[in-house]
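All remarks here apply to the structure that follows.
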Amino acid sequence: MHEECGVFGIWTQDRRKIAWKVYSGLYALQHRGQESCGIAVSCDGVFRHQKENGLVGEVFDSRRLEQLGEGNIAVGHVRYSTTGGKSHSNIQPIVIRHMKGNLALCHNGNLVNAGALRMQHELNGGIYHGTTDTETIIYTIVSERLRTASTEEAVHRAMIKLQGAYSCVLMTATKLIAFRDPCGFRPLCWGQTPAGDCVVASESCALDAVGAALIRDIEPGEILVIGEEGVISDRRLCGNAPSLCVFEYIYFARPDSVIEGAPVHLTRLRAGRFLAGEDPVDADVVVGVPDSGIDAALGYAQESGIPYGVGFLKNKYIGRSFIAPSQELRETAVRIKLNVIRDSVAGKRVVLIDDSIVRGTTSGRIVRLLREAGAKEVHMRISSPPFRHPCYFGTDVDSRENLIACRLPSADAIAEEIGADSLAFLSVQAAHRLTGEACSFCDGCFSGRYPIPIPEDQGKSKFEQPLPTAYKKQHISCH
Amino acid sequence: MHEECGVFGIWTQDRRKIAWKVYSGLYALQHRGQESCGIAVSCDGVFRHQKENGLVGEVFDSRRLEQLGEGNIAVGHVRYSTTGGKSHSNIQPIVIRHMKGNLALCHNGNLVNAGALRMQHELNGGIYHGTTDTETIIYTIVSERLRTASTEEAVHRAMIKLQGAYSCVLMTATKLIAFRDPCGFRPLCWGQTPAGDCVVASESCALDAVGAALIRDIEPGEILVIGEEGVISDRRLCGNAPSLCVFEYIYFARPDSVIEGAPVHLTRLRAGRFLAGEDPVDADVVVGVPDSGIDAALGYAQESGIPYGVGFLKNKYIGRSFIAPSQELRETAVRIKLNVIRDSVAGKRVVLIDDSIVRGTTSGRIVRLLREAGAKEVHMRISSPPFRHPCYFGTDVDSRENLIACRLPSADAIAEEIGADSLAFLSVQAAHRLTGEACSFCDGCFSGRYPIPIPEDQGKSKFEQPLPTAYKKQHISCH
Amino acid sequence: MHEECGVFGIWTQDRRKIAWKVYSGLYALQHRGQESCGIAVSCDGVFRHQKENGLVGEVFDSRRLEQLGEGNIAVGHVRYSTTGGKSHSNIQPIVIRHMKGNLALCHNGNLVNAGALRMQHELNGGIYHGTTDTETIIYTIVSERLRTASTEEAVHRAMIKLQGAYSCVLMTATKLIAFRDPCGFRPLCWGQTPAGDCVVASESCALDAVGAALIRDIEPGEILVIGEEGVISDRRLCGNAPSLCVFEYIYFARPDSVIEGAPVHLTRLRAGRFLAGEDPVDADVVVGVPDSGIDAALGYAQESGIPYGVGFLKNKYIGRSFIAPSQELRETAVRIKLNVIRDSVAGKRVVLIDDSIVRGTTSGRIVRLLREAGAKEVHMRISSPPFRHPCYFGTDVDSRENLIACRLPSADAIAEEIGADSLAFLSVQAAHRLTGEACSFCDGCFSGRYPIPIPEDQGKSKFEQPLPTAYKKQHISCH
Amino acid sequence: MHEECGVFGIWTQDRRKIAWKVYSGLYALQHRGQESCGIAVSCDGVFRHQKENGLVGEVFDSRRLEQLGEGNIAVGHVRYSTTGGKSHSNIQPIVIRHMKGNLALCHNGNLVNAGALRMQHELNGGIYHGTTDTETIIYTIVSERLRTASTEEAVHRAMIKLQGAYSCVLMTATKLIAFRDPCGFRPLCWGQTPAGDCVVASESCALDAVGAALIRDIEPGEILVIGEEGVISDRRLCGNAPSLCVFEYIYFARPDSVIEGAPVHLTRLRAGRFLAGEDPVDADVVVGVPDSGIDAALGYAQESGIPYGVGFLKNKYIGRSFIAPSQELRETAVRIKLNVIRDSVAGKRVVLIDDSIVRGTTSGRIVRLLREAGAKEVHMRISSPPFRHPCYFGTDVDSRENLIACRLPSADAIAEEIGADSLAFLSVQAAHRLTGEACSFCDGCFSGRYPIPIPEDQGKSKFEQPLPTAYKKQHISCH
């Protein structure tokens, strides 16, 4: 499971080496996308940008940051992409030149009517360099811009046409514009530094990283325009029931972020508490799978009274450069990444908390590791409901036939396959109470009910992926 | 002085690892552009491409070539760019996705009406990622494509709108299309391998590199369509007086290439012979500045009867990674690149042949080296006429105030500045006879008379570079 | 504070791509040294090796591992070095060629008589390429080898001359020899895989990584010879009181390792429990500084009954490539690396557990972060005694004037400087009971009493670093 | 055929960023070794060094040169190595630490008694990191140094023990010492800059590169000591008949260098003239194989009266990164590297000059290229005698069974195999007159007669390569 992006934008009153701030912000958002990243800086309307495949720390060194020069507005992006999309053309920000003004756009989310919009732009003479929805968003804005007096008004008109999930920051020569789709699928917030710099980011942890205080979330449907005239909010498209992706709390967001007023760490403790209430078990120790199962394990321990233990050591040096050893050693590879702290579990009945089960393979291996280390019983508890339906709003899920919750009829069947003594998932109802009060989330991946209608071909394409005829035989890929 | 590009395209009857062929072709064209390069491959309409800043040997290793996979059509490009243009968005081939069919375009040349066309496309909703004319050419083709039945017909209509220099290869899902502007400013030729593969390239040396025999030049104004139906020529726009850039013979092209039937090496020998006829001098040895002055020096020696000598050793390891030492050592740096073979010149009256003088600084240093090595007299002969006017067709020239032939009133004045005992340039008339017969070249940079009218703002921009108002404050640069 | 090395060795019965096993083992030992690493493989006595500055994942890719080829014995090393020592000559394994047989040596520790031995070898005609003790150890072994019948006997005789800390693995053409100094300052253990491969490593977590079961620690003073004849132990130099570095438990070793029978994780929980007993405080939550304060915080919470909380989010993408932003942003840099989970501490009295205080600067910043996040009180507890004396056995400590426990007279004074409401350290007595039973550790850095006499100049050199006269003006450094 | 090294040393009166000078010098010597390079700098006795596999321009960038800091003495080296020797341990300068003073040694040549000396040092307790003779030379010097009052006296005593070819520069804390074996197999010269800096180099072209004037060659057997006391020459071991490698003139040295008073370029012209005298042929054009056949071709043309022509274009971008295309394209690969200038040879009888034939494969391909380009006849002339015997003094030759002059009985047989109409080699007598006067060269590779006796096992090892028993099964290789 992968989130597809993190966005960041900053507006300052005076020119400075602003790229360093974006660099710090992107480091804080790195968990939202590890495939590529980029920064664009505006210095009095002259745009400079740098983007590349790689982690923030790999792509940006002092030299590159210095090349971005001084400026007073900047945007940045971290990206995870699905297959075929590693093309340089797809790396964000998408920076374009236009007589009406240069633009740099960063986008987190997924449109459901991208195909139709794209065909429309192409029939109008437009050409596409990449395959991202981001190019479609910018085409839509630019074509509206030709008929309106300002970029922000063009954004408003474009939002009426765009359907799906989009949390965006857009840089013009003079303004930083943040906008979020009317359902608010993906988070977006803003804040201010003591010096008066305005910062927009996918998560509040990125505000912390640059010393900005969180003011509030950008509302679903809101356009926030930051410029010389101050901060102006356009709420004409607000008012929808919010539909934040519940997985932002359970898995994607960083525990130190606060989304819609709820501290993410707290929602995870609560998930563990709910699990303990819904699915109690008699045991000697509660351990979590690092990193994301730790919080829920602590919550489970607090609620159940069973002692909390540290069950695993996760090797923090294993990164993308780690080469999984040859076939025969594949099983060992798990041990290199995750080693059991034997003393915590040997001879004990263990409650094992993880945030999700996708294929079940990894869970099976972890259960096996615990047993080899001497655990007498292993009771697995998952701090999210079972994942059974595709997501159309920016989460990359495995195909249905690989999802263990689609393949197998019951939690017991899954428990058997992965070798656990028992298994339970968080209930969908409990998921809706994660923030402490009943809340309106998008739970489409659990329930199959989505907040907005999914166009038919789109519906199919998520699992079967046929392209509209016009695009057949045209796939372009590159490094 | 810099040429701005080399193009290459290949069409084969069956699928294979075709990128390797383009790789060989680009190596042969590397002298036409050392800044960036790229290859695009079509495999049954699926396009893959790789492009990056760097030399062919730096950008392409086995892994990258393998990633391009198999295919039956491919195009490649090497590029030199002027300032501000190092952006990844400007590297060619430009590969675009469109419902009417994907396209990959490689271009050598320079449009004179790019600004006007660009404004038109942008007013129509088009967006630009880079600053190259290539994007304008592809926009023009795509917008015509929406109104025509085939890509080749769209190319024809686009050519009516494009003004300036363009030698292009265009890859579609099924065809390789080569086209050249009606003046034929830049070279473009095609050939065939014994196995029947069709190859298009800027110069015939690239055909040699892949084992293809030169068939002929693409004519000025011609469109050549290579596909399943064979090779089809569209000559509707042919018939203009040809205006090949005479500097292709004097400087840009490789001596082993044959352009418009004339072997480049031979034209350079002839330049030397003409020089000897026009500006004889009593001397003991004729030496050429490597690499490009060598051929003319040999011609001068043959015509004059003065012995030919090897005057310099050029360090072949000095490349882009060479770091010019600190200020005080700058003078020494010339010696590291170019060392005099003392024995060839000591105590002698030397005729020194070079292909051009731009600022005069380098020539001055070389004359000084010869004198330090004991040359009694140094008579400089330049195998081209003095360079006094801007080029609008793809050659990057220094600004007028730096050109020594603009700054100083006469050859004698230049001779004095660079410390030579005498100096003479090739006459413009002689330049027109380089191929052996009177020929219609573009000699705008010598005469200031251009084969096609230059739009007014364009005229200024070459030296003073004001941008149309709409583009003010919009410069975008990146790595 | 830095450990200086991790060693690994493996012996298998049949030839295979053994370097991959070492690669896995070094990944598990990476925490013991992040500066450089290396692997040497013996294939029937032909040695191949690769070593370089960088992390295991940076230095070794598939190509390099494949170049190491097949073999049946291999050793590996990860290294942290003090200043001046980044020279390639210092990277281990040190591989040497000698008529009596090639050798590859990996060493963890520090000799106290290296200077005297070195002078002796040099007076005998020996030359040094680097500055490590490892070269001295190998010289000592080789010079004994000329007078003995076997390498293992040469090792025995060398050990009589070597004084200080050394846990070593030595590869010969036919044997893997592990040996540990008679005090056993640094850990070293061995185990076996189900297939019968023998593995030696600094810590048992590296045995886990290659699927080997821990058999036992190599005893202080023991030589273990692994070869065709099986595993032979030479205990002639055993019998000393063991003097393991207590910081191995507190800080260096991985919590999932077991040293001298004690699980490291458990000793850290115990340190927290002891702290709670020795220095109780009335508070609302116990939080640990990640990563190494976490275990002790949990122990403190268990013993005190105060709830355990997750106080911080450590950015796991911050690595060596992270560039600390400009001066003005230095303070912010802490926030990028470590962000407070506000909800866990706001409005609470916090017990903050860390494993050590060196200069106090970092502790001061962390206390400040907690207060900014709304902590009402901050009581700091350190799970080790105060660090006041130099270490001569392989731990790189700051200079005395920088150590806060040397600079300030009392815990209260330190508390004041770092802004904590109270501060307490673990007592030295408690440190001696970390493994559950009274144990004989080296606690020289706390007490100033060392298990073996420290040569006088050595004693000074640790803080004042004068070199023996003969070495004056001879410092050599390189990349 | 490969030369194995180039050495460079510089001594200045005051401290400065001296590494930049060595960088320039090594660029000028790059043709003598392209595998690895290194620089060592002494700043008041503190040595810093950097060395790595790669070309000078790859290994040294500004950052690395700056890291070498200031200094007043420096040495540098470029290296080509034979198989197995790419180990980092073999890269020069070899920098060692010793109580008697640090040393950095650069060596060009090959000892014939290295095995015996090595065994002696090892029996004395010495250890070897690499496989070069350089380590043996430094061991020999260091062991003498323990018994003498100065390094220069130690060098003198060491030279009495060393047998074979060695042109060396040695840096101590206060002196630069250059010494050359009594036969003077490899060149070594010194000069001075106008500012009084003293420079030592393998060839005078490196003096030119740093603005130093050639004073004279270091004499065979001479020790030159450059230091505070000035330049002191020790000629105690001079007086032998000189035995410079004749291939230095024919192939290795740069044409702009002057060796033993003879300009290299001139000796190559002379080789061409001699060839024309010894083996005249009726033809229309003389062409040389670039780069090293060009000079001799010009000499042949001058002597014979047959016009000189430019027959080939050598692709100057083909470097080590060029990937020879797949098997089927191997033949084409020649064309990418070397293209015939058709016009120069079509329909003509061609004299083709090259400097040597080793296996014959390349010569065969070049002849084929000429014929394909329309040459009517191809008469090959080689500007060196046939290569039939091993070299023990620093030239890496192919094994006997691969040498075409060993395989085939006569020039005619070789001509037939390579497809030439005729073939002739320079006579050995002519080779001895290359400098204009009868001169005493080492012509062992032509005649099999060597200036000094070759130890028996050494003799065999050059072709059959058995190692002394003590070294069996001990080969160590690394990156």
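Lettered A, B, C and D in written order, each chain numbered from 1.
One rule holds in what follows: a contact is a pair of C-beta atoms (placed from the backbone, for glycine too) under 8 Å apart; a residue touches a chain by one contact, two chains touch by 3 or more.
Note that the structure is predicted; figures quoted are calculated from it, not measured.
S.K.: Check every other chain and keep only those touching both subunit B and subunit C; list them.
M.R.: Common contact partners of subunit B and subunit C, which must touch each of the two, are A, D.
S.K.: What is the graph distance from subunit A to subunit D, where chains are linked when they touch?
M.R.: Counted as steps through touching chains, the separation is 2.
S.K.: Farthest chain from subunit B, going by mean C-alpha coordinates, please.
M.R.: Following the centroid criterion, the farthest chain would be C.
S.K.: Just how far, in Å, is the C-alpha centre of subunit C from the one of subunit A?
M.R.: For subunit A versus subunit C, the centre distance works out to 38 Å.
S.K.: Centroid of subunit C to centroid of subunit D, CA atoms only: how many Å?
M.R.: 47
S.K.: Give the residues of subunit C that touch two or more other chains, as numbers and ranges in rising order.
M.R.: Nothing qualifies.
S.K.: Got a list of which chains touch which?
M.R.: A-B, A-C, B-D, C-D
S.K.: Contact residues on subunit D for subunit B in the complex?
M.R.: For this pair, the touching residues of subunit D are 17, 20, 23-24, 27-28, 30-31, 55-58, 60-62, 65, 205, 208-211, 254-256, 258, 263, 265-266, 291, 294-295, 298, 302, 307-308, 310, 312-313, 315-319, 321-323, 325-326, 329, 332-333, 335-336, 339-344.
S.K.: Enumerate the contact residues on subunit B facing subunit A in the complex.
M.R.: Residues 44-52, 64, 67, 88-89, 94-102, 119, 121-131, 138-139, 142-143, 146, 173, 470-471, 473-479.
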